[in-house]
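The letters A, B and C name the chains in turn, as written, and every chain counts its residues from 1.
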Amino acid sequence: MIDFINLYLVPGLTIGSVYALGAVGISMIFGILRFAHFAHGDLMTIGAYGVLTAVWFIPLHPLLLLPFGMALAIVAALAVDQFFYKPLRKLPTIYTVIASFGVALIFRSLAQLFWSSGNQVFIPGVRPPLVLFDTFRISALHAQAIILTVVIAVALHFFLTRSKLGRAMRAVSDEPELAAVAGLDTERVVRWTWVIGAALAATAGVFAGMDTSMHPNLGWNLLLAMFAAAVLGGIGKPMGAIAGGLIIGIAEETATYTWLSDEPLISPSYKSAVAFFIMVALLLFRPQGLFKGRLL
Amino acid sequence: MELTGLFFYLVSVLIAGGIYAVLCLALNVQWGMGGLFNAGIAGFFAVGAYASAIVTTAVSERHLGGFDLPIPFGLAAAMLVAGVTGWAVAKICVRLKSDYLAMASVGIAEILRLVIVNESWLTNGSLGISGVPRPFGDMVRGREADLLYLAMVWLCVLCVYILCQRLYVSPWGRTLRAIRDNEDSARAAGKDVDWFRLQTFVIGCAIMGLAGGLSAHYFKFLSPSATEPLLVTFLVWVMLMAGGSGNNRGAIIGALAIWLLWSATEIFTNRLPPEWITRSSYIRMLFVGLLLQFVLQRFRSGLIPEKSPEIRSD
Amino acid sequence: MSALLSVQGLTAGYGGVPIIEDIDLDVAEHEIAVIIGPNGAGKSTLLKTVFALTSRISGSVKFIDRDITALKTAQLVPLGISAVPQSRNVFPTLSVDENLDVGTYAAPPGDKQAVRETVLELFPDLKDKLDQPAGELSGGQRQMVAMGRALMSEPKLLLLDEPTAGLSPAYLEIIFDLLLDIRKRGVTILMVEQNAKQALRIADTGHVLVSGKNFVSGTGEALLADDAVRRSFLGGAAT
């Protein structure tokens, strides 16, 4: 039982936190701009490389240097929105989907160009895990990821329900035309959506990069699970996306547990297929997700 | 010598260009005619490549088969297996709306990649399959073989083109475009939208499988890491958008134009200072990414636009 | 007294195709003005054009002697114009309270709490629904939320597109009474209405729109008494 918690549940929650933070942005962008942002994974990559670069120059813990990665991701997101997505806003959104597919490639090639195509680590060396109650083990990084995600989730909840900007975002996501009639500045809402989405993407990217290692495909490889998380939580429901991310993370990890026999239920090498099947099943049978999100 | 070298470089470019033309025609069936977004092109391409390789290679213990059958059987198998895979996928996913299908197709490509990497009894895993035969490989060798293969690839392009053109002008194609342009009214007119979409997806996937087979017999070796899947998928999309989606001739011209451009940038990036050479492929990827943005903003109808008026309402 | 809203020679439509042509229309302060006419006459288009939601082709719109022809919707709200669309006029996943709050975002600075009190006085039914998502309310209550949201920016002019569409006759009475109440508080109303007869009864002026052109304007009473108007648009003889 303790092995299940240490080796499956905690890693599931950790990767789930990464998915959650990435999926928030995907869900908000889907809600407000109405397209599936295919470059979101690579936006994570860019943010994580921003922190990695800061680590080279400033001898501090990577998480303290997060603002550098966030800033880089925010600048990148606002730039691609301005130059590549905004000119396509009046067209069917599938054109923006195609454009974002191209932006994913642009981000990735820039990462390969400026950093490297190989693996890099944030902090060399192995750190022993924390041991609690004699048997419960958790690495510092996993604990940080899970705690920070919970903190962000709470902050996001208050931001969306209490602040003027947060309510305006939900209003635009609900009924963009009515939001314009009510005199809301939709472009400002769009800009802040990118700022928040990109900042959380950078955070997710750093956790993912610290958990394994940094490489240019880091974010793209997480994209499918984050889409699944956004769909699971309900499109346009940032809090749902957090829940969705955690559920997908736990589902992926625990699907490889020896539930029925001594063999893993699903071979670990097919782990990433779990997210796909959850997503497709949801889209077919409950497209509004768990938390009544929007339908296309 | 210089000239013949250049000539055969051009031949190799045109062979690959032909294979891309087949892929581009396939995507045109799915997206251009059917409005189905497929971001998993490389997956079906790989399925076709492996199917043809397994059917035509000599018996081996490292992977399934080989069955040592003639190449036409291999190509037929490529289309069949890719088509059946497409059918299984379409059965589940074809009801999904545009963006959702796009998200799902990324997952499909990922799962196909996982199968190829992990099921080594089938594909020899990451070591790949070698010794894939070329047509008439025992009669002609070297550069003459390339010329022969060039003819064969473009014969396939021609056949696929004729097929796609027939499909386009047929009542079937008209219904398909009606669905693409206004799904609700097509549904109201009593068309079985899902069934048409399923057929479209399967036909497109089968043609992608054919392209995969053609590539396997050209390179004679295939492994999961031989191609960058995202790049293949992406290039085909750029080709179709640049050529003019909805137009078969546009698809071929777009494939050739972008592939020539892609190959030309290789010549250019080879002249970069040595410390940049290793990064040249990233510069090229960046370039194609930017090219797509240009096409989407300024050149949306492509080199040869679709003729019938395009009214999208999705 | 000069008009609060003055529309002159307005031609507008979608994608360069005119739907309304050469419309002249004045709305005086503190009145209820009703636009009636057959389906497809361009009534909603006229309202949307005043609110800068369609592409104007020619003509001008003045609001309190200021030319607002070139202004965008987001600039009109702070000036004192609000609008309620015919459908999809609430934010369904936002609570009633949040819907009202969003109405203040583009408003000129002022005492939001006092405005909220006033709006809730007008719509007392909403008081015990404040925490419910607006999407879960009945059609009539949604219309109240929508009008409440529009009033939260303290408009001088309220534009309403068929406020009674799809509502039961009982609610129709309630809404019309509310409109009189709203006018009493100093808000001018310009609205499009299908229920022409009832609307003209509470209206100070009426404008009949036919095929995108202003057919006839007059006081509500005069239009109700006008034979041609009655035959064509009010369904039969005078009562």
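Points worth noting:
Rule of thumb we're sticking to: contacts are C-beta pairs under 8 Å (C-beta built on N, C-alpha and C of every residue); 3 or more make two chains touch, one makes a residue touch a chain.
Because the structure is a prediction, the values reported are computed rather than measured.
Contact with both subunit A and subunit C is made by no chain of the assembly. Centroid distances from subunit A, each centroid being the mean of CA atoms, peak for C. Our note on geometry: subunit A versus subunit C, Cα centroid distance of 43 Å, whole angstroms. With centres defined as mean CA coordinates, subunit B is found 30 Å away from subunit A.
Measuring from the averaged C-alpha position of subunit B to that of subunit C gives a distance of 55 Å. Looking at the complex, you find that subunit A touches subunit B at residues 30, 35-36, 38, 83-84, 87-88, 91-95, 97-99, 101-106, 108-110, 112-113, 117, 220, 223-224, 227-228, 231, 267, 269-270, 272-273, 275-276, 279-280, 283-284, 287, 296. Residues 37, 39, 92-93, 95-100, 102-104, 106-108, 110-111, 114, 117-118, 230-231, 234, 237-238, 241, 279, 282-283, 285-286, 288-290, 292-293, 296-297, 300, 312-314 of subunit B are the ones touching subunit A in the complex. Residues 51, 53, 73-74, 76-78, 83, 85, 88-94, 98, 101-103, 105-107, 149-150, 153 of subunit C are the ones that touch subunit A when the two sit in their complex. Contacts from subunit A toward subunit C in the complex involve residues 161, 164, 167-168, 170-171, 174-175, 177-185, 292.
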